[in-house]
Each structure stands twice: as structure tokens, then as C-alpha cells.
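Two complexes come next, and they have one chain in common, subunit A, joined by subunit B in the first and subunit C in the second.
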Partner chain A sequence: MRYVGKKLIALLVTLAAISFVTFFAFTIIPGDAATNIMGMDATEEEIEALREAMGLNDNIFVRYGRWLLGVLRFDLGTSLQYSIGVSELIGGRLKATAGLAFESLLIILVLAVPLGLLSALKPNGALDNCITTLTQVGMAVPQFFLGIMLTYVLGVLLHVFRMGGYVSPGDNFGAYISFLFVPAITVAVPKLSMMTKYLRDCIVAEKRKDYVRTAKAKGNDAARVLSHHILKNALIPSLTFFAMIVADVFAGSIVCEQVFSIPGVGRLLIASISNRDFPVVSAIVLYTAALVVVTNTLADILYRAVDPRVN
Partner chain B sequence: MALLEIKNMNISVDAGGMEKRLVQDVSFEVSEGEILGLVGSSGSGKSLTSMAIARILSDDYKVTFEEALFMEKRLDLMSEKELCDIRGKEIAYVFQEPMTSLNPVVTIGKQAEEPLILHFGKTITKEERRKTVIDALKDAGLDDPEGLLDTYPHRLSGGQRQRVMIAMAMITKPKLLVADEITTALDVDTRNRVIDLLKHYRETYGVSIIFISHDRKLVDNLADRVITISNGKILENAGLSDDDMPSPTTEKGRTRQKRAGGLDKPVPEPVLTVKDMSFSYKDKNIFGKTEITPVLKNVNLTLFKGETLGIVGKSGSGKSTLVKVICGLQTADKGEVTIKEGYEDPQMVFQDPYSSLNPAKTIGKILKESLILGLKRKGIKPSDYTRTKSYGQAVMEMLKNVGLSSEIAFRRVRELSGGQRQRIAIATALISEPKIVILDEPVSAIDADLCDQVLELLSSLREKFGLSYIFISHDPEVINRTCDRVMVIEDGETRERKK
Partner chain C sequence: MKKRPASEIVGIVMVSFVVVLAIVGLFWTPYDVNAMDYTLKNSAPSFSHPFGTDNFGRDILSRVMQGASSSFVIATLTVAIGAVVGTVIGALTGYFGGAADAVLMRVNDALAAFPGVLIALVIIAVMGNGRTNLIIALGIAFIPSFVRVVRGEMLVQKELDYVKNLKLMRAGSLRTVFIDILPNLSTVLRSSILIGFQNAVLSEAGMSYLGLGVTPPDPSLGRMLSEAQSYMIFAPWYAIAPGVMILMLTLGLGFVSHGREEKR
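On to the complex of A and B.
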């Protein structure tokens, strides 16, 4: 319990640090929101007046404090580009990203464990070599290429996938799920490959340990040795790895969202950066950073729960 | 009627297309209720032989028999499924490594009841299972068996874990128990108690035991009959002769004789002194209050030039902390450690050479790295050093000094045997040319034959380089054989033991 408390405090400190760095980084890059809003034709006086009105001329700590207070009240400001609340804007985009993330995580979870197990069944056997080759390809293929190929094969040749057919979950939940399936495969393939390979290596390493010999001597058959003894030991190190994948997919995939025209967080980030939409960019950066820190903290806490040796 | 009858067992591995024979034409039998001793040095094939009985060797090994009869059934003709029904039910195993032989993430209770689940399934209820496990743990001499059920292995000591292993093996009341070096990793006290336990099982349940060990004396004391394995073959007449293995008593005599006939003792010159040193661990709790756990209390010791000072103590007595303070890895609360000029930078040789050497690097690289770090600590410029000899030369010389051939430099740790690894561990410590070497349980992970060789090596290196040793061990026999003086450390306090 004390450990969880310590972890949570560390989490808050990290988040505070990240928020400051994020804020500070945006104040030192050239160009500001006022110039952007007023456009090229505005006079220096007009821009200065807007700056004053937006509070851009205050001391950086004052501005940071003001922004932080807003963040704590879940008020992230208003998007300069879209003139709607940032929370509302990101919230809407998150629906697409979260759906994509959940589906790809599901694919990874459902496939990585059996593939890893099959691969580790007979190291360097035919099946292992086959799966290893596939995972190598999966890791190496660029995401945009995979996305385009899937679109071409499933959409153009086989007509089982409607291109650009993203539907908001509120409108038609079934269509939303089924559309996101193909993009989810695109996101999942490289991560699934890494996860499978990692798990395979963990299992192979565990197989050589002494407790496996004990399990065999007790009368466990090969399958039960694997399922009742090796698997839990091999999954423990994979947990941290999986946490990184979780953070990664929830941060939104810029490439995949672009290829499949999905209005997700990744695309919003690109658009906001090019428009210097500071409130949106900072909110997304904060969201991404928080995601990484929170999932890692959860993984650490979970790690302790499943591995009795960590204390 | 023999319970087990093995006729012409052969074990081989495929070594790059060539078939390498590890065990050749081994035949033996075990009667009901008999304790058969199987002795042999490390690498002789005794463990392979024992594991081949219930065919639990991995597929890398090819095992053939002319015939293997167990309870009048042909083990060699059985399918994997039939073998699974025999393993853990009729033939049970206990292995050498108690620390790693239990599954680290499964509770003792769950592990101990597994043979019952596997072999009796639904015929016994959960309550009966629980009761059987508790009885078996109690029978194996473990205190508080109920409390152990939900405990994980890492909470137990080596001796306790070995008892759990034995309880687990005996839980199905097997006909044959194969005990493979089960006492090697244990201290003397625990060792004797485990031996008594085996005797108890034989008397109570009539179980036959194959007791495998490199320790001839131990086997003679326990077994009804002894066979010796050497280079994968059974030696004829082995039950009677003692020649193939030097017994510890003669070895001890030899070492003593050598020392007595050695140099005349000059006036001892202290090279390292520890004076009134105390050390405690300070841990801040969440309220910022400091919790102090004293580890060492007013420790005094002196190491003289050219001697071997033994330090004995139970685990947790503060031995390792003392060593850390001497090496400067921890700072003492009070008192001081003085090292004579020219004797700075003491080096350590660790207990477990496998995990203390980087597996990814070649031996040559490891040695070179230690040498460079050593030069750095002493403030010697690499160019000044290489003027006299190159790093490569230094590495080769050091390998020769520890009795290894120079081609070892190109190998990695996993390609070496236990004895070679321990020699490398010594070489890494010595290559930076220290004058004081701290040996932390240097022989407790290796068997008696190798142990003798390593001790001999250490003693010759001491003469050759004029070293002083601090020798830490839990084994009084090893300490008596090697040390000039012995300090006992108990609850953080030291006293000198008269020999």
C-alpha cells in the first residue's frame, strides 16, 4: 500500500514537471497565437492589443499558473483554430482514437500469447522459424504501406471494406466498430510482431530454468508445464512491454489516422501544430505524456501484484 | 526382486553432426527399500543417468536402453503419457538447486499439492489434499506448515526450500526417490538433517532411494550399496576402493603438512586493520522518521601480510556488509578501515561466477576491462602500462596463472564449466594486481573435486604474488583447510576463534 502511495506521488510530480516543460517549450518557439489569429494584414498595434487581451504579455510563471489552474479545473482553454473548447474538441477525437486503440489491443492480446506459445513450443523448429520470419516482416513493413495494401486488397479488390467510411459511434456503433477493424490491424501488426517475439524469447528462456525440470519430474505433460508453470513466469516481464504498447496506441497513430481518414487525436495534433493552436497542442502533449506515465505506473503496481518476489 | 533394473543405458548428444557419448553401457539395479549411492565427480554423467531413468532429460539427449524395468514394466517402451503417470507418482525426484527448483510465482501450497492433482485428480477432495500437504510438510520437518501454504519460495531459506522439494516428492508416497546432489548447496547442519530425513522416509514408507553425490563420505554413511561413475561408465569394484577420489581427510593433512613445512614465519606485518567499526542501515519511513537497523557492532580485525584470514558466520550475520565496508562500497558509521600503503584497492571474488560475469562478452574482453578499470583506479596512464606489455599479453599471462589455456580468451561464460568460471572470476580479480583479495564463498557453488583444485590454485597464487586473503565461508571444513586464523562473526560482533 505504501508502495502504491509512493508511486502515486511520483506520478503527480512527473506530471507537474511535464506540464511545465510543455508550457515552457511553446513559449520559446517563435510566432504566437495573436499573430496567427489576426493574419498577415494586421498592424502591429492591433496584434499588440490582442496579445494584451489574451494575457500573452504576462510573466511566464503567471501564464503557467493560469494555465495550470485551468487544467486542474478540466478547462484547457479554447482552440484558436476551431473556436471551441479544447476538452470538447479532444473528447470528440478521442472517440475515434480510443476505438482504434481498443480494437488493436484486442488483436494483440488475442494473437500474441498463442503465437508466442506456438513459436516457443519447439525453438528453431519449422513453426518457430515460420512465425519468426512473419514477425520480422511485421516489424519491418512501414505502417503507411501496410495500410495502403490492406485498403487496396480489402477495399478495392474484395470490396469488404469501405474506404474513408468512418462513422461516429453515436451514429452507428456497429459500423464504427467494423470500419475501425482494418485500421486496427494496421496499427496492431508491428506491435503484435514485437510482442510475439518478446514473449517467445521469454518463454524459451524460462524453459531452461530449474523449476521446469521439477514440474516435469512431477508428472506434468509438456502442455501443462507450459500452461501452469512457464506461462505466468514469462508473462511477467511482458507486462512492462505491453504497458508501453497501450500508451502508444492510445496516443493515436498519426500515420494510420491519415491513411484511413480517421478523425483521431493524431491527426488533430498535426493540424494544430501547423496552425500554432497552442491550447490544443499543449493539451494533446499533456494527454500523451500523462498516458505514458499513468500506464507505466499501473504496470509497476500490477507487476508487484503478480510477481511475489518484487518487494 | 529388483524394483528398478537398468540394462546398458546409453546417453548421447548430437555435437555438430557427431554423436557424443556421455554415458556408456551403464547397468544397475535397485531393490525395494534399498538406498543406492551413486558417486562420481562433476561431469561424470551421474545426473544424466538419474534423469534418464524416468526419461526427464530434454530432447537434446538421446537415451537408449537394452532394457529398463520398473515394477516389472518396461520404462523404455512407455509412451510419454504413460511416463507422465509414473513421474511424480512412482518415481519422484529432488534436485541439487533448492533455490531455483521451485516455481517462483506459485505458492508452496499450490506447488506441493500439484502431484496429488496430477495423479489422483478428483478422487480426493480439496480438504483431503490440504491435509495431505500439511502432513507432508510437517513430515519433512518444516515448522508452521499451515503458514507455508500461502508463502512464496523466495521467503524460504535454501534448507527450507529443499525440505519443501522433498515433501513434494514424497507426497504421493513413491516407490523410488531419486535424490540428485540434494545436500550440496546446504550448510553442514542442514545437510545432516536432510540425511536423517531420508533415513526416516525409508524406515517409515519403505521407499527406495538413489542417492547421488560427489561426496564419498556422505554416501558411505547413508547408502546400503555404492556404485561409482566416472566418464560416463560404471567403475568395477567401486564399492570398496577409495583411490579414485581423494578423501577430505588426506587432503586436509596434505595442506597442513605443506604449510608447516613452508616458510619460517617472519614478524607479521598488518596490511589491513578495521578498528571499532560499526555500521547500520538507515531507512526513512514515510513519516520521514529514520529507522536504524544495526548490522555491525564495534568490529575489530587485522589482516597480516601473506596470510589467509577466514571469516565464518551464518547468513545474515553481517559478513557481506563487513566486506562492502572494507572495499569502500559502504561507509561505516564509526570506526575506521586502514589499508597499508601499496595494498590499496582490494579486489573481490564472488560466490556465483556465472551470474557475476557478463554473459555477452568474451573472457578476453572481461579481463581487459577489469585491467583497464584497475589502472584507472590507481591513476596509471594506459600508455605507461602498455609500454611494458600489451593488454593482450597481460590477459594471456593471467589465464596461464589461473591454469587455463589462452584460447579461453575467445570464449564466453556460458561455454565454460563451473571450475573454469571460478578460475576466470579469480583472474578478473587478480589482473589489476591487487595485494589484498577478498574471497566471498569462492567454492560453495562447486563440487568437492573442483573445490580442492580451486583451493590449491588460490594457495599457489598467494605464494606467487604475495597476496593476503580474506576468506569468507559458511563451511567450517573449507575454512579449517585454508585459513591461518579464523574470525567468527555473530550478530554483528566478531571474535577470534582459536584453531
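On to the complex of A and C.
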């Protein structure tokens, strides 16, 4: 329990630090919100008056405090480009990104464990070499190239996939899930390869340990040793690895949403960077950072809960 | 020394192929990379244009060659920034420890948890678009992984007898860190650099696909792929040439670093 408390305090400190860095980074950019809102035609006095009204002339810590209070109430200001609330804007895009991330994580989870196991059955055997080579290719292929090739083969040649056919889950849930499947594979492949290789290496390393020999000597058959002894120990470190993958899946979906024209948060982020829509950019950065830090803290706590050796 | 595995040789061949094309591309290309020929828009691969032409009738082979050299230069500089800064920080904090080490490692662990592309995107958003900013952004994004590796290795090395000896002999600590210990990290560093380079090529391609980094009309492999996407139905070769080029480089690097891992 003390450990959990310490972790939660560290989490809060990290979140506070990230929020300050984010705020500070987007404050030092030349050209503030007042200039952006008033446009080119405004006189210096008019801009100055708006600045005063918006509180942009206050001390940076006062402004940070005000901004932080807003963040805690999910009020992150107004998008410069769309003139609607930033939270509302991101909220509208969240469904696509969440579906994409969820489906890819599911693909990774369902496939990585059996593939890693198969690969580790006979290290350096034909099957292992085959899977290892595939994971090498999976880790090396640029995500967008994989996406483009998948759309070409599945869409242009086989006609089983329609490009840009994103459907909102409210309109047709089945179509939403099935459209996101191909993009989800694209996001999943590199991380699935990493996870498979990691699991394989963990299992192979565990197999060489003394307790495995003891378990076998006691008369357990190989399958039971694998499922009851080795897999248990190999899956624990994979937990931390999976937490890292959650963050990577989000990063992967930024590119992937662009390839498949999915109206998600990643696409919004890229568009907002190009349009210098900083309230939106800083909000997405902040929420993503929070997601990464919270996932990692959860993984650390879980790791400790399932592995009594870590102290 | 064990025999090189077959995959490592394949890897070396693949990387060399791209490197040769990239180096030649720095000085000479079959056609001017920006020469447009409207009579040859989206033409299929032929003897005069082995990889075909793009939507402006520009020669794809020439653009791929120069795109590869630009990827190569950006990835090299990125890894150089990450490796040099990361090694210095990791070596010093690992060797000296103390409060600075504790604080810096907190920051580093938090940064290392973020995907590199995301850090680079934030830096580009703040500093603005362009090739130099992309190199700085990716370079910064690559620092945490090097810090982590070098620091971890430093913690091991500093407990070894030769370092304790040097301390007894009152050797200067900076000298000990950089002249006596650092050369012993070369094996670890080399494999981190190989993996880093693969990641750098992938990140650069991803960023330029998103329209960040190299600005048109200068050719870049990632941007070529994003342009090719619109012509996928009737000119698939436009996407295949730059895509295969990136894949050969990254897969080759992957094979080489995997081969090294197996040998150890």
C-alpha cells in the first residue's frame, strides 16, 4: 500500500511537471492568441486591449494557474481554427481513435502470446526462424507503406475494403468495427512483431533456468511446465512492455489515421500543427502525456502486485 | 569469431545497395530531379525510366536516389545528436550519481516512456517546420534511449576493479569516464546506434509522410509516398519505389543488428 501511495505521488508530480512544460512551450511561441484572433488588419492598440481583456499580460505563473484550473474542468479554451471548444472538438474525434487503438491492442494481445510461444518451442528451429524473420520485417516496414499496400491489395485488387469508408459508431456499429479492422492491423503489425520477439526471448531465457529442470525432474510433462511454470514468469515482464506499447499504438494511429482518412485525434493533431492552432495542439499533447504516464504507473503497480519478488 | 549468419549478409547487401544509390544520388542522378515532362505523366516503368514517372512526369528513380540521400543525412545527424548528447549525460550521471542523477533520471524515464514521433511532433509544433528543425526534433527525441543504455552500463563498469584502481591512483574523474571507461562501452553503443539508425530512418519517413521536414520540391521518400497515394489506382509503381527503398534500408539494418545480437 505504501508503494502505491508513493507511485501516486510520483504520478502527480510528473503530471504537474508535464503540464507546466506544455504550457510554457506553447507560451513562448511568437504570435499570441490575441494577434491570431484580431488578424492582420488590427492596430497595435486593439490587440493590446484584447490582450489585457484576455489576461495575457499577467504573470506567467498566474496564467499557468488559470490554465490548469481550466484543464481540471476539461475547459481548454477555444480552437482558433474551428471556433468551438477544444474539449468538444477532441471529444468528437475520440470515438475513431479509441476504436482504432482498442482493435489494434486486441489484435496484438490475441496474436502475440501464441506466436511467441510457437517461436520459443524450438529455438532456432524452422518455425522459430520463420516467425523471427517475419517479426524483423514487421518491425522494419514503415507503417504508412504497409497501410498503402494493404489498401492497394484489399481495396484496388480484391475489392474487399473501401478507402475512406469510416462510419461513426452511432450510425452503424458493425460497419465502424469492420472498417477500422484494416487500419488496426496496420497499427498493430510493428508492435505485434516487437511483442512477439520480446515474449519469445523471455520464454527462451526462462526455459534455461534451474526451476524448469526441477519441475521436469519431478515428472511434470513439457506442456504443463510451459503453461504452469514458464509462461507465468515470462508474462510478468511482458506486462511492462505492453504498457509501453499502449503509448506506441497511439503514436502509430497518428500516421495511420492520415493514411486511411480516419477523422480521429491524430489527424486533428497534424492539421492543428499545420494551422498553428495551439490550444488544440497543447490539449492533445497534455491528454496524451497523461495517458502515457497513467498507463505506466498502472503497469508498475500491477507488476508489483503479480510479482512478489520485486521489492 | 563465429561465421556470419546468412541473414546478416543479406542485411549488409540490402543496406549497401541503398547507401550506394544514396551516395551516387548526392552527385549524379539520371535526370534532373525537378525536371517535369508533361508528355510522360504517370508513365509505367520502362528502359528510359526504370521506376516510371510521377504525376508531373518527373523521373522516379532520380527522385528516389536523392530522397534516399536526404533520409540518410537526416537519420545520421539525428542519431549523432542522440548518441553524443545521450552518452555524455548518461556517462556523467551514471558515474557521479547523487541528486542530479536522481532528478535527471526521473525526467529521462518520463521522456523515454513517450514515443519518439510524439516528442518530435511537439518540438516541430513549437519551433516550426523545416529540415533543420526536424533534425533537432528527432535528435532530442532520441536522447533518452541513449542516456538509459549508457547510464546502465556505467553503473556496472564503475564497480569493476580497474575503475577502483584508477580511483586509488587519483586519476581525474573526467579522464576516467571518457578515456578509460567509455571505450569499453563501444559494443553496447554500436548496437544501440544500429537500432537507433533504423528508428531514425522510420521516424524521418513518417514525419515527411505527414508533411513535416523536407519541404517540396526537394524529394523525400516519405512525401513521395503520400503523393503517390492519390495515384494508387493507375500508377501503383509510384508508391512501390520509395516504399521498397525505405524497407530495404530498415530491414537490412534490422537483419544486421539481429545478427550481431545472435553472435554475442
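By definition in this document, the second predicted complex is superposed on the first by the 307 of 311 C-alpha atoms of A that agree within 3 Å, B and C clash if a C-alpha of one lies under 4 Å from a C-alpha of the other, contacts with A are read in each partner's own complex, and residues count from 1 in each chain.
Keep in mind that, in the parts below, contacts are C-beta pairs under 8 Å (C-beta built on N, C-alpha and C of every residue); 3 or more make two chains touch, one makes a residue touch a chain.
The shown structure was predicted, so the numbers you read here are calculated from the model rather than taken from an experiment.
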Task: Based on the superposed arrangement around subunit A, label subunit B with subunit C as either clash or fit.
output: clash
Field: Partner chain(s) touched by A:Asp307 [first = subunit B, second = subunit C, both, neither]
entry: first
- prompt: Which touches a greater number of subunit A residues, subunit B or subunit C?
  reply: C
Task: Look at A:Val255 in the shared chain and tell me whether it touches subunit B only, subunit C only, both, or neither; answer first, second, both or neither.
output: second
Message: A:Ser274 in the overlay: touching subunit B, subunit C, both, or neither? Say first, second, both or neither.
response: second
- prompt: Of the partners subunit B and subunit C, which touch A:Val156 in the superposed model: first, second, both, neither?
  reply: second
- request: Scan A:Ser227 for contacts with subunit B and subunit C and give back first, second, both or neither.
  value: neither
- request: May I ask you to decide whether A:Val293 touches subunit B, subunit C, both, or neither, giving the answer as first, second, both or neither?
  value: second
Query: A:Asn172 contacts which: subunit B (first), subunit C (second), both, neither?
result: neither
Selected from 277-285, 367-375, 457-465 or 475-483: the stretch of subunit B that, after superposition, runs into subunit C: 367-375
- prompt: Where on subunit A does subunit B make contact in their complex?
  reply: 2, 5-6, 209-211, 213-222, 224, 228-229, 232-233, 236, 306-309
- prompt: Can you list the residues on subunit B that touch subunit A in the complex?
  reply: 54, 56, 80-81, 84-89, 92-93, 95, 97, 100-106, 114-115, 118-119, 152, 154, 165, 168-169, 286
- prompt: In the complex formed with subunit C, which residues of subunit A make contact?
  reply: 10, 14, 17-18, 25-26, 28-29, 132-133, 136-137, 139-145, 148-149, 151-152, 156, 244, 247-248, 250-252, 254-255, 258-259, 269-270, 273-274, 278, 281, 285, 288-289, 292-293, 296
Statement: Seen from subunit C, its contact residues with subunit A in the complex are 7, 106-107, 110, 113-118, 121-122, 124-126, 198, 202, 205-206, 209-212, 222, 225-226, 228-229, 232-233, 236, 239, 243, 246-247, 250-251, 253-255, 258
